[in-house]
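What follows is a single structure, written as structure tokens, with notes after it.
Should a chain be cited, it is by its letter among A, B and C, assigned in written order, with residues numbered from 1 in that chain.
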Amino acid sequence: MDNDKPNKDLFVPVDTRQDDSEKISRPSLSFWQDSFIRLRKNVGAMIGLVVLIILIVMAAIGPSLNEYDQFEQDLSRAKMPPKVENMGWLGMDGTLSTVQTNESLEQAETNALMRFNNDEDHIETTVLNDGSNGEPAEVEAVYDIYAAKDMEGQNFWFGTDGLGRDLFTRAWEGTRISLYIAFLAAAIDMVIGVAYGGISAYYGGRVDNVMQRIIEILVGIPNLVVVILMILILEPGIISITIALTITGWISMARIVRGQILKLKNQEFVLASRTLGAPDGRILRKHLIPNVLSLIIINTMFTIPTAIFFEAFLSFIGLGLPTPLASLGTLVEDGFQSLQIYPHILLFPAIIISLIMIAFNMLADGLRDAFDPKMRE
Amino acid sequence: MARYITQRLVYLVITMFLIATFTFFLMKFLPGTPLSAADRLSEEQQAIVLAKYGLDDPVPVQYFNYMVNLVQGDLGISFQFDNREVTTIILDRIGPSLQIGFQAMIVGTILGMLLGLVSAIYHNGFLDYGSTFTAVLGQSIPSFVFAGILQYFVGVKLGWFPVALWGTWEHTVMPTISLAIFPLAIAARFMRTEMLEVMGSDYITTARAKGVNKFGVVFKHGVRNALIPLVTVLGPLAIGLMTGTLVIENIFAVPGIGEQFVKSINTNDFPIIMGTTLFFAFFFILIVLVIDLLYGVIDPRIRLAEGE
Amino acid sequence: MDNLLEVKNMHVSFDTYGGEVQAVRGVNFSVKKGETLAIVGESGSGKSVTTKALMKLIPMPPGRIKEGEILFEGRDLAKLSEKEMQKIRGKDISMIFQDPMTSLNPTMKVGNQIMEGLIKHQKMNKAQAKKRVMELLELVGIPDAESRIKQYPHQFSGGMRQRVVVAIALACNPKLLIADEPTTALDVTIQAQIIELMKDIQKKTDSATIFITHDLGVVANVADRVAVMYAGKIVEIGTVDDIFYNPKHPYTWGLLGSMPSLDSEDAELYAIPGSPPDLLNPPKGDAFAPRNEFAMQIDKEQDPPLFKVSDTHYAATWLLHEHAPDIDPPEAIKKRVAGMATSSNSEKGDRL
């Protein structure tokens, strides 16, 4: 060990007292900076954010990306399958196909042709199994419906619905409306909830007591019941759906805000700050708001997908937006009408609504982790 | 404990009363009467129909009668189905709803717990990411979308299970799976969080310091402590299931209460809507109560605090 | 070979997102049969991690024993598999934890928690185990054992729970007992009871003990030898007398100086300035140098080795090097050390 023979000159005292013993060795980050850094490291949350941004951009510009209008009906082009140029490998080649099974090969072929009105010019049949191995014969028929209807110049990227409306335009219009309802409902929930919870916690005493009893009774009423009853009297529409969603939606926010403020009010760091003579404004700004705000953000992020789900749910049970307005819910509901033969009508709105829900949930999870002081290192 | 139960029951009665009143007056404001085909009826005929439903009385009298009948379990007569009592209709249709509801609850929570457990044991491993992602999907994808996928691929394309309707147990498979996805996801996420927290607690270290093997640590010491808080989410899950039955029963044409409810909304059959709503509300509140009591029973800390 | 446990150059690290935290950076010590070794140091000095690593109870990952040997009766624990460790934990080495409020399973009856180790290691049946549990409860001073074993931890007070934790640790007559700040979370009066219990048990059993604490008063009371830890290293090790009456390391001076005692003349306590280093990026040279008023140039460049003071006493400070200037501890600390001698002598006198 060379430690045994150190240089004599090194044994001179040095003054360390003023040095760096009190130096803070890591950069100090504010609450928001620190949370943001952790959010950025969360892969799931970032994917969610990117997906959301893409969906929001598409909701904004999507409807004007092609020449079709969302209300433009044309029964002659009803239920066209999706077709995108050069995207045939995705199955979006504008054809319908069927597989017919029958004891005899001829019958199976006839059935396959019948399925598409015997329009033999545009049907290609393939024999999958000629029945010689003892099993029933199978014939697949592929029908180029765009050619059959002489619409080869047109492309309906997501296909058309039962009234011949372009689903691409309608899907993004629907996304727009669904997001609009969800954001509006979440914003209203937030305002009412924060105000109610804040007032309840701030005034305390009898005011708090009365306000909490009211909440206890409201919580006992299942929100599903309230939402349905509200829609029944209000008549379906964007505003009435939003109101129905917010009528019980604010309660959880109010409880969270109240709980957090009550907790913070009595915590040592707030007491300490008050003892040191910090004015109310400073306590509010420096201690209460940052701590409550993160909870408000997280809760709102979870409210939005719930609102989107409920809007779709209402459409599904016949309490959704009136026709011809499109929302993701009404589109999905429409899709179910012809699911067995034309699954594409359901497919695209179902994918979009699922992506929105997944993206919001992942982002909200990421935010919750990022804001959680326990996750800090 | 007895005092607590009494207090909860009083709350239950108050809530039910409020909901019933609220529902009654809402219905009075609603457009639509049993005279949906009113144009074709003469005035006398209309009067007879109104009298039949007690709609010719002043509103307070109607309210009083409604409440008296309600206490006796009489929810009125359907507008749609002549002379059928709402109570009978609900009782006729409760079976399928309860069956798929219970099946979904059991399948969902048990599988969810296992998934969450696997996640926690292999924390930050491949299995953890896999099951966490599965849970996010299950929590996010709306049950009706999932039901649609299932119906099309498993029902129509593969033909493994009947596409819709009711009868054999095969008919219950797809509705049950569609309903079970949400509780599965929630139970998995909750179990994972709880289990991770429990596994990080001091008494787990104590158990390991005793030389208990991994299996014993996880199952004897960990799972039990993680399961207790899981009971608290069972209530919201059961309620979520009821929301689910409204759409799932429709998609798969299950002759349950949810399907009837949606049908009645589309035909403005208010006695059924009102009756079913009250029934749902009662069921919700009862479930929450039962689960709160259950929590008291399985957690020794609460159980003994009450007993002492 | 009378060393029950011999730890050689043990390094323990935790891999975090921020990088490798070197919690323990080369620790050497040994424990003889029946002996009590106290490990003292500030929070974060690595004393808890050291002992948890002995039993391999640190979470792995992120933790890992980077290098070094843990020789227990000649076997290197660092190389044993988890399965083999399970046979040693609770039987040969057992542990008493800091917080009795959280270290017992809230949903398991107290009797079952004590019995668990007995059934596993000594292959007892339920009845035998129960008999042994009653003996243990009597040993740790819990009356009414018959009804107590059927109760849950929340029905016990803090002090009683810590007695249960002690009973769990003692269940299989371990050869080595590790007590990780067993009194820190307790009320002062209860602390004294638990310390008395620990001493009593030392008399009745022949277990060796490693006693972790930051309370030097407790050390003087229970230990035979003392190791002082700072920033993941042992900076001074010796008998209780060595450390209390002849401390050599400036950090030990600081620790002794910051300990309040009733009979010291001047009421002023000595405070060590600054705070311990960040073990994510351990400083070059002596980790204590920035807080050391006697620091020399060499402290900033090289880590001091352990210098031998006597056969039992070692300290890691360049002040002990032959080239170093003679430095006496500050007057205040000398006085306090002297005061300590009288006070602990009188305490010993009381007990005799």
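We adopt the following convention: a contact is a pair of C-beta atoms (placed from the backbone, for glycine too) under 8 Å apart; a residue touches a chain by one contact, two chains touch by 3 or more.
These numbers were taken from a predicted model, which means no experiment stands behind them.
Here the largest set of C-beta contact pairs joins the chains A-B.
Centroid distances from chain A, each centroid being the mean of CA atoms, peak for C.
Chain geometry summary: the mean Cα position of chain A and that of chain C are 53 Å apart.
Taking the mean of the C-alpha atoms as each chain's centre, chain A and chain B sit 23 Å apart. Spacing of chain B relative to chain C, judged by their CA centroids, is 55 angstrom. Contact of a single residue of chain B with at least two other chains is seen at no position. Listing the residues of chain B that touch chain C in their complex gives 200-203, 205-214, 216, 220-221, 224-225, 228, 299-301, 304. Residues of chain A touching chain B in their complex: 44, 216-217, 220-222, 224-225, 228-229, 232-233, 305, 309, 312-313, 316-319, 332, 335-336, 339-340, 343, 346, 350, 353-354, 357-358, 360-362, 365. On the side of chain C, the complex with chain B involves touching residues 55, 57, 59, 82-83, 86-91, 94-95, 97, 99, 102-108, 113, 116-117, 120-121, 152, 154-155, 165, 168-169, 171. Against chain A, in their complex, chain C makes its touches with residues 16-18, 273-275, 277-278, 281, 289-305, 318, 321, 323-325.
Note for the complex: chain A touches chain C at residues 1, 3-4, 6-14, 16-17, 19-22, 25-26, 41, 377.
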